[in-house]
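Paired with chain B in one complex and with chain C in the other, chain A is shared by the two complexes that follow.
After this line comes the complex of A and B, so read on.
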C-alpha cells in the first residue's frame, strides 16, 4: 500500500520474488534449448526461440491462474499472490517474443502486411482441423498486452476497480484461446500424445482448483440465518470470533466481515476496494483491518483507510445480546462511523 | 497457522511458517518445471535434415527453362555411353516470393528472354531428400552470365505420361520445406505456406507411401498454368488429389483439372499421427 505511484515499490520480498521468476525462466529456457540442441541437432534458432518461449509462457499462465484458488484453499500460498502481476508481465513478455518471432517467421517478407497476413492467410473458420489457430494466439496476446500495460495500481485506480477487475477477468478467455491455439496448431503436427496429455492435465487441474475454492466459498455463502429481530440477524457466538480476526457471513447475497478489536465487534463490507480481496480473511494490524491479498488497510469503526489513503468500505451495525452476535445487514454509506458492540465479560 | 502469523507482501519479511511453506512450494515448482521442460523438449518430432545455405552464395550453371516452373537443368556428368545425368533445380525468390519477378527484372535488364538459354545463376542453395532449389535475390546480382547454347538436344526435357493417379498428401511451398523452415510443413507452417504460394512460389505436393518413401510433385492446372490461388484453401491440410501425372525430367507434374479434383481428408490429429494420412497409391518413382 502506497500513497504515491512508483514503477515498482521494491522491498525485500518483491526482490526475492522477481529473482525467483528470473531464475525459473532462465533455467527453463536453458534446459529446453540445451536438450533440443543435443537431441535434435537439426533444430533451427527461430523454432527453438518460438517453442521455448511459448511452452514457458503457457506453463507460467497455468501457475498464474492456479495461484488465486490455491490462496482461497490455503492461506500459505499468499506470498505467491502478492506479486502475481510480475509473473503476468513476465508471461506476457515471453508471449510477445513468441508471437513476434512467429509473425516474422510465418508472415513477414511476403506480398502483404504481416498482421494482415496473419488475419487473412487462413480463413477456414468452418473447419476445426484447418481452423486459423494463429489468429487465436494473436487475440490472446492482445488480451495479455492490455492486462500487462494496466497491471499497475495507477491503472487500477484510474480505471476503477470494477472496470480493472472486469478487464483482468478476460485472462480466462485468453487462457481458452491459448489452449485452442495449441490444440488446433502445433498438436495437429506433433504426433506424440504427451502434448495433449499435458494440456488436458493443466486445464483439468485449473478447473478442479477453481471448483474446490468455489465450493469452499459457497459453504459460507449458503448458510441460512433463521433468527431475526428488528432487522438484526443472529450470526454466531461472541467466542467464535478471535481477537484481531473476523468471521465472514453472507446475508442477502452480501458478504460481511465481523471483526473483533479491542474488546469490541465491528462489521464492514467484506470486499477490499483494491482488488476485491476478502477483508474478513485479514487481520487487524496497527488498529487497521488489513487485507490478506495486498495489505490494504481500513479502520474497523468507519471502514475508511487511514490518511492519506481515501479508500472506503460500507459499515454495518452489530450488537451483542447474551453473548450472541447480531448483525444488521443493511449497509451504512461507505466510511460511516459505527459504534460497534462492546464485549462484556 | 497461529493467530499471530499474518502475511503482508509489503513487509520486509514473511512470517516463519509462510516462508517455510513457500520454500517447499518453490522446490516442488522447480522439479515440476524441470520435468515439464524435459518432457516437452524430448518429445518434439525430429527435425528434418533440410538445409538452407544462409549467407553462402553458390554459382549454378545450366539451361534455364520457364516451364513447368522456373528452373535450371544442371548437367552433372556423362556415363561411358555419353549419356549425361542431370538435376533440375527450381528457382525461388527472396522472402516469400516465387522467382518469376526476379527473372522478369533480369530479362528486362538484359533485354532478352532467358528461356532455354545457358545461364550461370548465383544464389543460395537449399536442399533436402534428393531435391535442390536455388534462391535468387536481386540484391545478390544473381545472373552471372547468359549465353545461347549451340544445341538443346542433350538438354531437352525427358517426358513420360504416367496416367491419372490418386494421391493423398499435403500441398506445401518448396522453399520452406526443402530448406528454410523446420518444420516446413503441417499445420504450424500452414499460414507461411499460404503466404509463399500466394507470393508465386510453385506449390509442391508431398506424398509419403506405406514404406515411408516420399515423393514430391509439382502442381499445375490442366492447361499447365499455375493454380496457386485455387490451392489456397487446401495448403498444409491432408488432401487427396486426382490428376494427370507427367514425368518431366526428374520431377513429376500433376495436372489438376480444377478444385473439384482436390478433397480435404483431414480430421483432428490429437491422438493420432497425421503422417499416416499421407499416402501414395502409385509406386514412388523417385
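After this line comes the complex of A and C, so read on.
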C-alpha cells in the first residue's frame, strides 16, 4: 500500500505470476520462430521478429481484456487479476519490438525521419485496400506506452485515481485500433484469411464476455429491497454469508459489502481505495478484509488499513433479527468504528 | 507534411525538456511532493523516469506548490 515505494512490489505470488508470463512468452516466441523457419525458409530475421512479437502481443491483449469480466463471472479467475499490470507492460514491450522493427524495416532506410515517414508516406485515408494501417498501430502503441509508463502506483496517487482510470480506459480504443491495424494490414499483404478469422473470433469472445458480466452485475445492482424498518433494509439470511467472506448489496446505487468475521457481521463500502477493486469479492486474511485485486487490507470493524497504511473506507451498521440480516445504507464517515452484529446460533 | 514535421519537432522539444526535468525530479523533487518516496529505492526512481518525461509540467507544478507551502 503506501509506505515506501519500490520499483516493483514483488511477493511470492507475483514472482510465480511473472515467471509464468516469461515462460509462456519465451515458449511462444521459440515455437513461432522455429515453425516459421521449418515451413518458410526464405523468411528474414526482421520479419520473424515483427510477426512473432505482434501475434503474441495481440494474444496477451485478449487475455488482459478478458480477465476483468472473467473474474466478475467466476472468482476462480481472480489470481489472474492479481498481477495484470505486469501482463500489460509485457504486452507493451512486445508491441514496441514489433513497432520498432516495423518502422525500421519500412521507414528507416530513406533519408526522412522514420516517424515522419510512418505518418506521411501513405495518405490513402479514404481507401480501404491501401489504408495507412501502420498509423493505426502507431496510435495504439502510443496509448499502450502511456499506460505502461503510468503503471506504477506512484502515478495512480499523483494523477488521481479518476484521471488514471480514464487514461487506462483508453485501452479499449487501443484495442479497436489494433483490430483495424491487423484487418487493414492483412488484406494488403496476405491472401490467407486466417488472421482475420482469428482476430474476429477474439473480438467476438471479448464482447460476449463483457456483455455477460455486465448483465450479471446489473442483476445484483437492480435488486429491490422491499422490507424497510427504521432505516434498515432486509438483505439476506445469516447463513447466506460464509465465514471470512462477504456478500455485496447495492442499495441506493451504493455497493456495500457485508463481511462475516469471527461470528460477527460487519459492513463496509465495497470500493477499494487503491483502484476501486470490489472488496466484497475478497476474503478475510490475518483479520483484515483483503482486496482481491492487489491485496490492500482493511479492518472489518472500522474500515481502516492497519498501520503504517492510512487508507480508510466508509462503514455501515448491520443488525441481526431472527437470523435475518438488516443493513443500514447510511454510511458512517470513512474509518468510523462500528460494533457489528453478533451471530448467535 | 510540413505541419506534421512541426508537430513532431514541438513534441521532441517538449520531451527533451522533460528529460532535463526528470533528472532533477528523481534526485530531489520526488521526495518533496511525496513522503512515500523518502525511503524509496533507486529502482523506483528509475522506473518513474519515462512518466516524468511525459507528465513533467504537472509534476513541476506540484513541486512548486509543495515548496511554497513549506516556506509559509
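One rule holds in what follows: the second predicted complex is superposed on the first by the 338 of 345 C-alpha atoms of A that agree within 3 Å, B and C clash if a C-alpha of one lies under 4 Å from a C-alpha of the other, contacts with A are read in each partner's own complex, and residues count from 1 in each chain.
Quick note on the criterion: a residue touches a chain if its C-beta (ideal position, glycine included) is under 8 Å from a C-beta of that chain, and two chains touch if they have at least 3 such contacts.
Bear in mind that the values here come from a model prediction, so they are computed numbers and not experimental data.
Participant: Should A:170 be classified as contacting the first partner (chain B), the second (chain C), both, or neither?
Facilitator: It touches nothing on chain B or chain C.
Participant: Return first, second, both or neither, reflecting whether A:234 touches chain B, chain C, both chains, or no partner chain.
Facilitator: neither
Participant: A:130 contacts which: chain B (first), chain C (second), both, neither?
Facilitator: first
Participant: With the two structures laid over each other on chain A, which partner does A:31 touch: chain B (first), chain C (second), both, or neither?
Facilitator: In the superposed model, A:31 contacts chain B only, not chain C.
Participant: May I ask you to decide whether A:242 touches chain B, chain C, both, or neither, giving the answer as first, second, both or neither?
Facilitator: first
Participant: Between chain B (first) and chain C (second), which does A:225 come into contact with in this model arrangement: first, second, both, or neither?
Facilitator: After superposition on chain A, A:225 lies in contact with neither partner.
Participant: Touch test for A:183: chain B only (first), chain C only (second), both, or neither?
Facilitator: A:183 contacts chain B only, not chain C.
Participant: Would you check which partner chain A:43 touches, where first means chain B only, second means chain C only, and both and neither mean what they say?
Facilitator: Touch status of A:43: first partner only.
Participant: Applying the document's contact rule, which stretches of chain C touch chain A when the two form their complex?
Facilitator: 1, 4-5, 8, 33-34, 36-41, 43-44, 46-48, 50-51, 54-55, 58-59, 62
Participant: In the complex formed with chain C, which residues of chain A make contact?
Facilitator: 2-8, 113, 115-116, 119-120, 146, 148-150, 152, 154-155, 157-159
Participant: Using the touch definition up top, name the residues of chain A that touch chain B in the complex.
Facilitator: 1, 9, 11-14, 20, 24, 27-28, 31-32, 35-36, 39-44, 46-47, 51, 55, 59, 63, 75-83, 105-112, 117-118, 121-124, 127-130, 132-134, 183-196, 198, 242-245, 282-283, 285, 290, 292, 294-295
Participant: Residues of chain B touching chain A in their complex?
Facilitator: 1, 3, 6-14, 17-19, 21-22, 25-26, 29-30, 33-34, 36-50, 94-97, 181-183, 186-192, 194-196, 198-199, 233, 237, 264, 266-275
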